[in-house]
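Per-chain residue numbering starts at 1, and chain names A, B and C are given in the order in which the chains are listed.
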Amino acid sequence: MSAHGSHVAVGGTFLTRPVKVLLGVLAIGAVMTVWRFAVGLGPTTGLSHGYPFGIWIAFDVVTGTALACGGYGVAILVYVLNKGKYHPLVRPAILTSALGYTLAGVAVAVDVGRPWWIWRVPLYFWRWNLSSALLEVALCIMAYILVLWVELSPAFLEKWEESDNQKLASFSKKVRPILDKALLWVIALGLLLPTMHQSSLGTVMLLGGYKLHVLWNTPVLPLLFLISCISMGYGVVVMESALSSKFFRRKPETDMLASLSGVAMVVLALWLVIRLVDVAVRGVIGLAFEPTSLAFWFWLEIALAALPMVMLMAKGKRRNLGYLFQASLWILLGGALFRFVTYLIAFNPGDQWSYVPTVPELFVTLGFISAEILLYLWIVKRFPILAGKEPAPVKA
Amino acid sequence: MLDLGLLPLAMKDEALGGRLDRRSFLKICTMAAAAVGLPASAGRLMAEQAAKGVKPSVIWLSFQECTGCTETLLRTSHPQLDELILDLISLDYHEALMAPSGHLAEEARMAAMEAHDGQFVLVVEGAIPTKDGGIYCKVGGRTALDIITEAADRAAAIVAIGSCASWGGIPSSPPNPTGAMGAPGVLEGKTVVTIPGCPPNPYNFLGTVLQFATFGTLPELDDQARPKFAYGRTIHEHCPRRAHFDAGRFVQKYGDDGHRQGWCLYKMGCKGPQTHAPCSTNHFNEVVGAWPIGIGHPCFGCTEEKLAFKVGMHETVQIDRPTPPDTYAPIAAEQGEANPWAAGVAGAVVGGLVGAGLMASKKLGSDESEPSDGEE
Amino acid sequence: MTLDRRSVLKGALAAGAASVTGVAPAHASEPARAPEDAVGLLYDSTKCIGCKTCVVACHEANDLPPDNRLDPLHDAPLDLNERSKTVIKLYKGEAGERAFFKAHCLHCIDPGCVNACMLGALQKREHGIVTWDSSRCIGCRYCQIACPYDVPKFEYDHANPRIIKCEMCNHRLAEGLEPACTTVCPTGAVIFGQREDLLAEAKQRIADHPGRYEDHVYGETEGGGTQSLYLAPSNVEFTDFGLPDLGDEPTAARARTVQHTVYKGFVAPVALYGLLGFVLWRNRREAAVDQAAGEEETP
């Protein structure tokens, strides 16, 4: 692996104008969250008996964690496939993942009816129902959050080592070597856990039974969720890297991103193949050609996976950061749509039920997104997350 | 109330103090019309007819009966029985009310039938035995079967009052040793208006007869020839205790708390759900609450052939033709409405983000102009 | 000995893929059986008069408040909800058919809600009755997704929300009483008993009155079978009542198969972890060797 030493804090002021806007959104979201706890979920959300899962689950948790799979995807490339050239992408990706997963965990705490007992889920192991896919998701995500912050800790320790605070500095110096040794096993966990829970997020909806539309109701759903989260992870990494280089006026890492996107293209192709073959093999592909709204969503998902895949086949155009950014946008949209549809559209409890998130519900979600961006900006400016001033050259 | 049936006709006039003045008479006719649901104009028509001296002839035959149906007519005041029989109709034969008896009575009947051939109203009270040639009821040496067949041929309209005359009533309850049948049963092919009940509410009868007397038409009848204005609904559909039924408050035992509070008597065997009659709205003796359920006893279905005197008093029945109130939940009730504004906001947010992303990608694309490789 | 990187990669991917798909389960789980002393309800729609005494009695026996949110004067729930553990619904057919339907928990033999519940708040307890234990629930509402009959209801409007659903008056059963609904039903449309007795009774009724009933007892096999059963009049389909047309396999079993194929005994995850650890360790060792070699080369 390449040397760790080439990360640097971006520096600069935190309270820029976009940050102020985000803080405003966060404030509204925070107020809505307080209101949710004051009066309950009923008045504040569009949730109902027919739709017990809403955008806080379908987006904040299910899609949010997939968007936070950059760390996972890059870690596979760097640590399993040993492609060291992507190493500079690791830390920012892990940061995005850590923030995304942590906020998804907070979203869960806001969503469940009795969050004051949420600590019982990991601790009361004798009550675990091992048949429950949701338990598996919960435990895995909780563990993964810990793992991500541990994986990220070298960034904090690096800065704290240089700190004026003697206690902090010496503590950091002591912990660092221990961490270095153990990090390998932590990273391995960081590869295992998302494999488990991202797929289980697909298994969760299988328990909806006949309520989950046939086109989505397949034992292959966990695999599809897993594969799409990898491609989404790469998409996020590209977008986050491009935006960082633009806003922090750094040299864009276009080569690396182009290469990464090439991998994403393969993953997208894999997803498309499995999706279409599964539907054909189960003999339900006819449904996709009936003039129903679900057929429309099915093909939209396919289109939003195929479009970026085709875009990324053009190797020449991959050199353009804007082009990569757009392709990644479609990847994220497609993956998010797939999850959204599985949880909220293909899931039909009966025509008498309908779900639309309320405005307060939306603002809580927007608040979480703002929080994540704000924390990202703050940490990236204070701690050595992004690669050193110059991006590492791409070895041929 | 005077028992006018015992007085000779001539003396009745004196007892009532002579003829009525026109105004009072008009009042009687209007009240009679209103009481039976005929339009207000009917009252005047009735009075006019009566003034012309045209009072429809009524021949009232009594067979296997208890005279309860006649008694029920005595308990009316709109019109009072005397007003009815003296001023509005010409009751030419009624064994309980007429002055003559014996052969004189029968002669009067024949004379009336001759005089008003094809124009009189034939009323039948009581069942007609048919077994062994009908010998179990004879009047003046003739069987009831015989008498009614002859009279029915010459009547303008036939009305069977009471359950006995309508479908056989008590005499016909199993084992029906006399082969008792109602008038429609023995008068095949003829229209017989039936006014079942034991006894029926007198206004069921009065409404029918007065309509015929005034307009010459019969009210709309159901498939058992019962006037729909009286028998169109079941007791259950019009019962004052229905709310208790709907809320599941039932009397379990006579005298229990529920009984004292006037709860539904369905579990006590009320036949209301299968019994067509207006008793729940038209009480008896013109006393409010004077009807079986009103005094706390389940309806026993006295108008219905398949129930009365056949099904046990305290046996529960199926609910026929439930016309449920709209407060029953449907199988899949609409649950709440999705707020279109919220949907709009959500859509706008997503659209905004995607749009911003596309703009950013354009911007990044155009910014990208440096060489990307070979700097080392 | 050096493992060829390619084969390691292949192996890792294969292990990962196989471990997350349920495409080739080892074998389907055993069909669940009702417990020996399984009790249930038999609801015969042809006998129901829609009096709703059962709804009233259920409210009383379970201390539930009246549902007067639609109309302040009347207790008129539109469906099962957090104030109603049972409700009478009316089916109105296009040809004028009318039939009443009593909605309540069917106490499945292999319940989806039990499979879903993370900490086992919902479980089949005595007599196979599915009950909810407040001390174990965190209000995630996965049970609402899992139930094919949409029975569990969540108290969305409460600060400390519960799951409300019929528990077959197990508190009354403990005192030797029958459930409230069966005790008050004036026509015996809903009765309580051992599941096998009820099933026999239901079939007997169908045999004794040909043409009166839909020739099927709902709950005998649907979704693996339920403990509370339904009889419908011959002119009404069970689907008209809102009861889904389920096959014999419980949804829980299918989801469990997918889950267990991967996680049974935690073998696959541990194996994958071991493999990942090995790969990472070997990669790092190689990198250290490369680096050392690189350092040696530079003057």
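Observations, loosely collected:
Definition applied: a residue touches a chain if its C-beta (ideal position, glycine included) is under 8 Å from a C-beta of that chain, and two chains touch if they have at least 3 such contacts.
Remember, predicted model here, so these are calculated numbers, not experimental data.
Across the structure, the highest number of inter-chain C-beta contacts is found for A-C.
Seen from the Cα centre of chain A, the chain whose own Cα centre is farthest off is B. A summary of chain positions shows that the Cα centroid lying nearest the centre of all protein Cα atoms is that of chain C. A separation of 52 Å divides the Cα centre of chain B from that of chain C. Centroid to centroid, with C-alpha atoms defining each point, chain A and chain C lie 30 Å apart. Once the centre of each chain is set as its mean CA position, chain A and chain B turn out to be 74 Å apart. Each of residues 79, 242 in chain C touches at least two other chains.
In chain B, the residues that touch at least two other chains are 332-333, 335.
Contact of a single residue of chain A with at least two other chains is seen at positions 48-50, 350.
Taken in their complex, chain A has these residues touching chain C: 1, 37-43, 45, 47-50, 52-53, 79-82, 84, 111-115, 117-118, 120-121, 124, 127-136, 138, 184-185, 187-189, 191-192, 195-196, 199-200, 203-211, 219-220, 222-223, 226, 347, 349-350.
Chain C contributes residues 49-57, 74, 76-79, 87-92, 98, 100-101, 184, 186-187, 240-242 to its touches with chain B in the complex. Residues of chain C touching chain A in their complex: 5, 9, 12, 16-17, 19-23, 79, 81, 112, 114-120, 136-142, 144-146, 148, 150, 153-161, 223, 242, 244-246, 251-252, 254-260, 262-263, 269, 272-273, 276-277, 279-281, 283-284, 286-287. The part of chain A that touches chain B in the complex is made up of residues 46, 48-50, 55, 239, 242-243, 246, 251-252, 254-255, 319-323, 325-326, 329, 333, 350-359, 362, 366, 390, 393-394. Residues of chain B touching chain C in their complex: 245-250, 266-267, 316, 318-319, 322, 324, 327-333, 335.
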